[in-house]
């Protein structure tokens, strides 16, 4: 099996590089709300998270070059995405009961 | 048990021989299986994020307010801790594959300690929230408290999701201890490291979940209440 | 005995004709599709039965592009028709008429009764009607001695008029569904949300209302009625100030309140039997009136041994009614 | 006489001497399959009993001998057992385990120990479900759908039911995972995906549903438990939660779950039809790919259960549109099966008449599903007996009937014995007639407005319920008779040959039936298609003494 042969020094370098990348990105999450895209913090944060996740999956989890498993991962993610599109994008964004409804217009004043 | 693996041969009509894949000693099969398991984790947390996003769209402002009140410093520290622990786990696996059993064990211990620190910090956070009356079954989250719905839902999901994540960490510690035992027993070695491989994958997914949990809870309100969507 | 509900015809409301057309169109197309599967199946099973076919005669057909396209495309066309009619009928149900041209009635569904609240009439009076279904009485052989009935409580509406129902349930209650089979309409009544539906009845008569979302013990007794009246009769009643209905008067005493609010479906008051909640016989000697009125308006506050919070809905009653009800529990009058 | 898997086994731990412990600890996929069948069958009878109890109660209006609460618990118990304990493990756990590895030429599934563990997880789930009957206020009374906020308010043992469903869900996930890896890794050399028997395709599609949909309901149940125990308010309107979200999450799983049930059943149909037509199946690839597309589209249509629950109108339209596209691949399958019979040599053995009977009943079930997918009609028919009749036609007349077909088909393989064909056919006709008498009147009652989950009803509906009751009696009589025939077959039947039906797939290429412990003594190289017949005889022939190919 390919995985049994290992170039220790090479792979170790990759690990450290990725760690530095992840640490940097973490730092970016902290300065972002004060630096850029301040009007869409949510979006910015999620984009950063996706980049981080991508790094982890590709390098730490060795997904690079795994055709079959990559396809499966995409499939699962596509499914989650569709759930989001339908439930959030279609159903909730057309929520019909705004003002009338108890759960959206909280009865208790602060 | 006659589980020793002797590859079997299937012969084509023209005499060509093909090795039959048995279930024993199937490294790739083991890996594939574990990835499939991780997909179920993705769906599980995906569904929780779905619930979270559902209420987020209904109560945007409340979510920002609630997020702003979380302790970003502790959360950030925990993020870094998990980052480093993912590294130690990965390095340990590398060492194992390179034949350095002792180094690998050291790295696993390092990971376990980091995981424990993570839990301790989490405990501090939770107890601080507890003192503010924001906790499971506690006054701020009850039906008749004046906390706006959006915040109640935010915190409800917060405790559920970080709690479940913490539970995964605890399981992870257990798995690593078990791994150490297997290594000592000689069942996991340079050539048979599927167990280690999969536990490392598990640890990565635990980390991966945090990569999303952290910004969604701690960061979205960081720009003050204006940092909209 | 008739085998359909009262008023179940194709013309009780403006919905019925379209709805029934869509249904029967679908059924007949589907029967054709069904036969296109089943008839060849029987025919082949008979024509090629084992003792008639020699081995050499067995065919080898495994593909037939034209056929395959046919049986993909024809069903697609069929289902697009179905989709179209399903969708237009949905639009018909879901397109609310303008509120200015309709009567808007608030409906509250709570464990196991329906309550209606009309807009104020010219005199400023608000009609409130509601009550539980009186369960049928059955003797020990299981024979129905007295059929169940709604008595006088019903939703009274004029014929040929748009009626909008704004429906909700108390937040600590559960989901119900307001279902009028004769009008082919239903929509869930969800605690915390305000859902709507509308109708326009075309025939004077009485129609059954059922609860179509499972809601617990007496789900199957959560009936009501819609009484469709001539316009002038309705007008006459609606503008009156008295709290009576076209079918008669509501009594005003505690006993009537007890029945109307559906207390009887969960509490017995003349016997010690535990129905859903504890028996209220002699409750006055156990607690003071403050406790009793709290028990009605905020039932989860103090839960007696052996029962669970969350079962009894909170009641919002006018102070006079509450006082009368408490007095009734205390004194039986 | 060689040894079969009844005589020897591999165990998870050690080599126990006693036969009993050998069964308890076995990791052999065939034995595990049989144990699943035995347990499911037991529960199944509990659920049949509650069904009969409901039918007696509904015989006439008014409470006959139960009160409302008992009835509510009865249909919940019936639904929970039938769905979670019986039909979801159903075909995959029994036939998936027993024949799928044989069909692809594997010695076992990829993770036999996990398979063993899964079985016991399943048993644990069953025990929790059963225990809830006897603890506290008794079994949940929420219906199998556990809709919030009712499930959060009621005093009955909902938490135990939720935990049980969660554990059973875990078992289902692990089964799916195991099968996916098995199908990817352990196919015999030469067997490409498009040389797999269609049953394996059905299992493959199903396994994806088990794997990716079940976690969603798992987490939903956890949220409900959190809510009940810790008072967080995800679904509770008093705390701002929205009960409709629960319905979304629940059906995201539970709709795909119905395809999880039916796809392997369709797989069984695809095995039986060509075998008893003595002819290659029509449109192999379309059938295989339609399984995949049903599974795929099936993920996206859950909202058709929410047409009247206050979902937005646009979402309704989208869901309705998508749902119709499940009917197309299903329809293609039906036409392909019928086309397979064209110019075949049709042998009406018991498995075949079950299969043909199911074409009728499932087509009715499916087409009435189409009725309630038309939104406007569902506004009228939602939560009426029309829906109940739809899904009993689909589940009972589809999945369970095909399961029976499979039981007759693989009976000789699993037991090595043959049942009495004539008697088995009588059992079929009894059940077929009883079934239609039982459920067809319910379409009419539903159309006239008979709501479901009603323990008492208006006298107008009496006639339908009475016909239905007699149907149930005939049906259950047929059922019991069928099991009697099986029992007789197993104990007293004639010994079966390795390939009694002249079938072509690999599970019939074994030297003996019942099969030996490690299945194929020599793994074949697969250079043939799954249903290759030439003039009514399988193309691949064996000398069963030597297992040499002689074609």
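Labels for the chains are A, B, C and D, by order of writing; each one numbers its residues from 1.
The rule we apply is simple: a residue touches a chain if its C-beta (ideal position, glycine included) is under 8 Å from a C-beta of that chain, and two chains touch if they have at least 3 such contacts.
As the structure is a prediction and not an experimental result, all values here were calculated from the model.
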Quick check: how many Å separate the C-alpha centres of subunit B and subunit C?
47
Report, in whole Å, the distance between the mean C-alpha point of subunit B and the mean C-alpha point of subunit D.
34
Can you work out the whole-Å distance between the CA centroids of subunit A and subunit C?
45
Multi-partner residues of subunit C (at least 2 other chains):
171, 191-193, 195
Multi-chain contact residues (two or more partners), subunit B
28, 32, 36, 39, 43, 46-47, 50, 54, 58-59, 148-150
By the touch definition above, subunit A meets two or more other chains at residues 68, 76, 79, 83, 87, 92, 95, 97, 102-103, 106
What pattern do the touching chains form: line, ring, star, complete or other?
other
Go through the chains and record each pair that touches.
A-B, A-C, A-D, B-D, C-D
Please give the residue numbers of subunit D that touch subunit C in the complex, ascending.
60-65, 68-69, 72, 141-143, 147, 149-150, 152-155, 237-238, 240-244, 277-284, 286, 307-310, 313, 316-317, 320-321, 324-325, 327-328, 331-332, 334-335, 338-339, 341-348, 356, 359-360, 363-364, 367, 370-371, 373-380, 382-384, 447-449, 451-464, 533, 535-537
Touching subunit A in the complex, subunit D uses residues 184, 212, 237, 240-242, 248, 252, 299-300, 303, 310-315, 318-319
For the complex, which residues does subunit B have touching subunit A?
27-28, 31-32, 35-36, 39, 42-43, 46-47, 50, 53-54, 57-59, 72, 76, 79-80, 83-84, 86-87, 90-91, 94-95, 97-98, 146, 148-150, 190-191, 197, 201, 204-205, 207-208, 211-212, 214-216, 219-224, 226-229
Residue ranges of subunit B in contact with subunit D within the complex:
1-3, 8, 10-13, 18-23, 26, 28-29, 32-33, 36-37, 39-41, 43-48, 50-51, 54-55, 58-59, 136-137, 141-143, 148-150, 152-153, 155-157, 159-160, 164
In the complex, the residues of subunit A that touch subunit D are 68, 75-76, 79, 82-83, 86-87, 90-92, 94-97, 102-103, 106
